[in-house]
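Below are structures written as structure tokens.
What follows is subunit A paired twice: with subunit B in the first complex and subunit C in the second.
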Partner chain A sequence: MKKSVYIQSVGSVSAQKTFDNSSFLEDIITYNDTTIRVIDPNYKEYIPPAAARRMAKGIKMSTVSAKNALTEASIEESEIDAIIVGTGLGCIGDSEKFVKDIIDNDEQFLTPTRFIQSSHNTVAGQIALGMGCKGHNFTYVHSSISLESSLLDAKLQLEEDEAQTILVGAVDELVDHHVNTHHLIGHIKEEPTETSNVLKSQTKGAIFSEGAHFFVLSNKKNEGSYAELLGIKTFNTLQIEAVETEIIHFLNDNSLDPEDIDLLILGNNGDVEFDTYYQTLDEGTFASHPKAYFKHLSGEYDTANGFGFWLANKILKGSLVPSAVLRGKHEIPSPKSILIYNQYRGENHSLLLLKKC
Partner chain B sequence: MGRGVAITGMGIISAIGNNVQENLRSLTSNKIGISKITQIKTIHEDEIMVGEIEDSNPVLEKQLGIEANQWSRTVLIGSIAAKEALESAGITDINEVSTGFISGTTVGGMDKSEQYFYDYEKNPGIRQHITGLHAGDSTNKIAKYLGLEKGFVTTISTACSSAANAIMLGARMIKSGQLDRVIVGGTDSLSKFTINGFKTLMILSDTYSTPFDDNRKGLNLGEAAAYLVLESDGMVQKHRKKVLGYVKGYGNANDAYHQTASSENGDGAVLAMEKALKVAGLSPKTIDYVNAHGTATPNNDLSEGRALLRIFKDRVPEFSSTKSFTGHTLAAAGGVEAVYSVLALQNNLIFPNLNFQTPMKEFDLTPITEIKEKPIQTVLSNSFGFGGNCSTLIFSKEA
Partner chain C sequence: MSELKQELKEKIIEQLNLEDVAVDEIQDNDPLFGEGLGLDSIDALELIVMLDKDYGIKLADPKEGRKIFESVQTMAAYIEANRSR
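Moving on to the complex of A and B:
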């Protein structure tokens, strides 16, 4: 008998005021830019300044986000059986600096810190080190399904009762060289764009961003639980014509039908070339389903769907869909089941299914 | 959960051969792949020895039938090894059943990123490498080359245990029934990035590495790609597949001791081996051969040796580190050594730990230094990495 999997707590550092979990997208920050950064929490409250000085930003954001998730779950660090982190590029700021130093100094006068922090698994490793957690420790680095791979791994272990409590996280940082090069190939919008209008921009590319989202997952429900994680599926490729069919298959595999879904959360980022995947759901079976969006709030990055997953959890626990994530005026009273569909540039599609618990 | 995880195919490219047969020939004839570096221009060329794959990128591109300079070397070698694995498993239609691809890498397309770091602005002809920096991009390209569609494809990066963890996840997904079959392993090409990174950590040897020797001076970096095809019992029965061996046990733990060093007593390694034995349902005395992580750094070999003693007490099985042949191929190492473990099972051979002369003074452990024939039912393979990542796999002849 497979055990059910629950999300017990959330932690978020994003371009919105999400690290304070007491509010829920009430005060929205809008930007007019091609890239946006996280609102920095007061890192000093979480990390001793001496340690923070050499820490990559990805590690700092993750530390805050993970600590908030652990605090909310009100569990001891020793109760964490495993740590699983997804990241598209790891602490890429340190990787870039290390490469730059290699080239600029002709392979001389290098120091190990930047190399160590550029190892993709540095976040999961440092969190384990900080907590003394000797359990299963994995890092997934598969672009826009890095978080989803981590959730799948955690779900597998919790269902089989190989672990009871797992810290799952996702982090990516925004750095200059990455931004400059992705401008060159048109993956970032050419012109500054109002985030509030980005989903209707009709231009190519996305607004790039960064963030860290951590969650405590468990196979034991309690009064604080946010939601039940029913299913996860990812696809390396998916034809645009197959999106609706695959979603229906996925729901059926989880003993649900389209009419059981109260809300779709979609990963539109305002890239006119690739939002077409989501637009197929405006017709056909899901035409009249309520739909919510979040990348006009979070921006786009490999683990941006961490914001989407955070959003779904907050909606299910609070029985409230904030108006900031809706287009037009909808009333969605107390949704019970949410499906999240995300993809990036037509690759690495993911479906996540959550239920109120 | 009584399901077996069968290995039905494998592929490899390393410094000692471009396919499984060539690797076996080198392992049985003491042909080592360690030399001066030739394919990367580095100021350290006289201070280090590496395990380079013989073929240059143009040769590999020609073999794969792809255009010049479109892919990172990590993708090129990965495609070659993954293709051999599929062919050896007799798979002609990769999409006919639910198939996954899980690959480990640490550098991804870093070889190209470092080469063109300052050139992207003025040279549009090389911008295909910009997105190649994503580790996941290299995996997706290999999956595409294999023709895999709508599949479960992901990438694991846990430093030098990446491929071992890819094999572990694949085995777990087969056991739980989520996939019918899965291609698992890893790929890493050499790059200035890793050469200089390991150089700053002062753990590179200036000569042939000597695992488990008292006078060991550090590791030789290497490059390789290696993959296994894993299939469920159902697939094996239905298609009457030839089985090369089984993934019998696996264990993952974190040392939680230091970012780059292993704990003195190998706590993480002990936990990983204990878990793997438990999953396999085997006692330590049933292990016939240990393919050690054995990087030949002072820290690893001491820590791993102590961990072996803690698990096996005074009956440590015959063991060797094949990194003396290939160099330390980082993310690919767990895949390379999985292939060698299966070759050990198939041929009843223990491959030698070359260059060993003097036992370490801390304990009484001597690796196998000459090729040895012996009936082998079970092989235990260790892979450890930065960030405290410790992984153990157990391979067996019988399910």
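Moving on to the complex of A and C:
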């Protein structure tokens, strides 16, 4: 018999004050820009200087996020059976520097540090080295379903009891060259936009950002558990007309109906071209469902849905939907089941289903 | 020679990302590896590349590095004697 999968703890470094886990979106920071960066924790409190000097920002953010999740789970590092990380671009800052070195130096004088840091699986590897974890160590790189692919791997292993406790994470960092190229191709908004207004934006592109979100998943529920992870589904492509039908199929596959869902968390990023996917849910079966949003707080990046997943967990455990994630002033009674729907530029759609436990 | 030592200290800090170390904290004879600055084998590779790129010195035998990279003093002396740029 398949075991159930629970989220035991969360850790998050984002453009909001999420890293210390002591408050829940009470003090919202608004930005007026085309790109936004994380609020840096004091990395020295988490990482010894000797180790930090060779860490790219993505690794530092992930280390803090992972350590916070592990601390909250109150488990020994040795109890972690596997580390699974999703990332769209890995430590792209060092990838860029490494490639620049190759060009500038005519393929000579290449040093190891940037190469080590530039590989996508560096984050999962560095966390494992720091913890002495010799278990399954895997990195999923799949655009905006990188985290979801990691969660799916973890869920399968936990259900089959191949592992009992897994650290799952997601990270992406914001760097100059990446920003410049995405500006050129119109994926980033042309003009600075107030984040508090971005969901109403009538322009193309998104506000790009970065973040690291880590979660301890287990097949044993305890008093501190946040939620039960009921289902995950990803789609590389999905026709806009099929969104509602696929969501209903997904819910039915998990023995639920639309009316069983108390809250939809949607990945609107203010891109007038692609938020239409989410807008289909404002009509039809899900028209009257309460809806929450998060990318006006987190910005957009391949693993931004990690913020959405963090948000859903915090809502379910705390029985509170912060006003900052709602449009308009209305209260939502304590939700017991949440569906998260996310996609980026009409591709790589994901559905995550969570239940209060 | 003292200018070269100053330059080396700056390069070591910059290239090895020693964010918490200031130039005047590195004494000429401080050991670079182990007890001193605490550099490791990856740093040694970075220093070998730096010798090649900035001073035109190719270390044919990496074992030579053990003596050359003992301190800023030994590095500067070796560079002075062997540099081609």
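Assorted remarks:
The rule is short, and it goes like this: the second predicted complex is superposed on the first by the 357 of 357 C-alpha atoms of A that agree within 3 Å, B and C clash if a C-alpha of one lies under 4 Å from a C-alpha of the other, contacts with A are read in each partner's own complex, and residues count from 1 in each chain.
The working rule: a contact is a pair of C-beta atoms (placed from the backbone, for glycine too) under 8 Å apart; a residue touches a chain by one contact, two chains touch by 3 or more.
Just so it is clear, the structure is predicted and the values come from calculations on it, not from any experiment.
In the superposed pair of complexes, A:121 makes contact with subunit B only, with no contact to subunit C. Contact with subunit B, but none with subunit C, is seen for A:234 once the two complexes are overlaid on the shared chain. Judged by the touch definition given at the top, the superposed model places A:50 against subunit C, while subunit B stays out of reach.
Of the two partner chains, neither subunit B nor subunit C is touched by A:346. The wider contact with subunit A, measured as residues touched, comes from B rather than the other of subunit B and subunit C. When both complexes are overlaid on chain A, the residue A:184 reaches subunit B alone and has no touch with subunit C. Contact with subunit B, but none with subunit C, is seen for A:89 once the two complexes are overlaid on the shared chain.
By the document's definition of touching, both partners, subunit B and subunit C, reach A:112. Judged by the document's definition of touching, subunit A residues 108, 110-112, 116 lie at the interface with subunit B and also at the interface with subunit C.
On the side of subunit A, the complex with subunit C involves touching residues 49-50, 52-54, 105, 108-113, 116. Subunit C meets subunit A in the complex at residues 15-20, 38, 42, 45-46, 49, 52-53. Chain contact summary for the complex, subunit B toward subunit A: residues 1, 42-44, 101, 105-106, 108, 110, 113-114, 117-118, 120-121, 124, 127, 130-131, 133-137, 139-140, 143-144, 148-159, 165, 169, 172-173, 176, 178, 192-193, 196-197, 199-201, 252-260, 267-268, 271, 385-389. Within the complex formed with subunit B, the residues of subunit A that make contact are 83, 88-90, 92, 95, 98-100, 102-103, 106-108, 110-112, 115-116, 118-122, 124-126, 128-129, 131-143, 145-146, 149, 153, 156, 159-160, 177-178, 180-182, 184-185, 187, 234-238, 242, 246, 302, 347-348.
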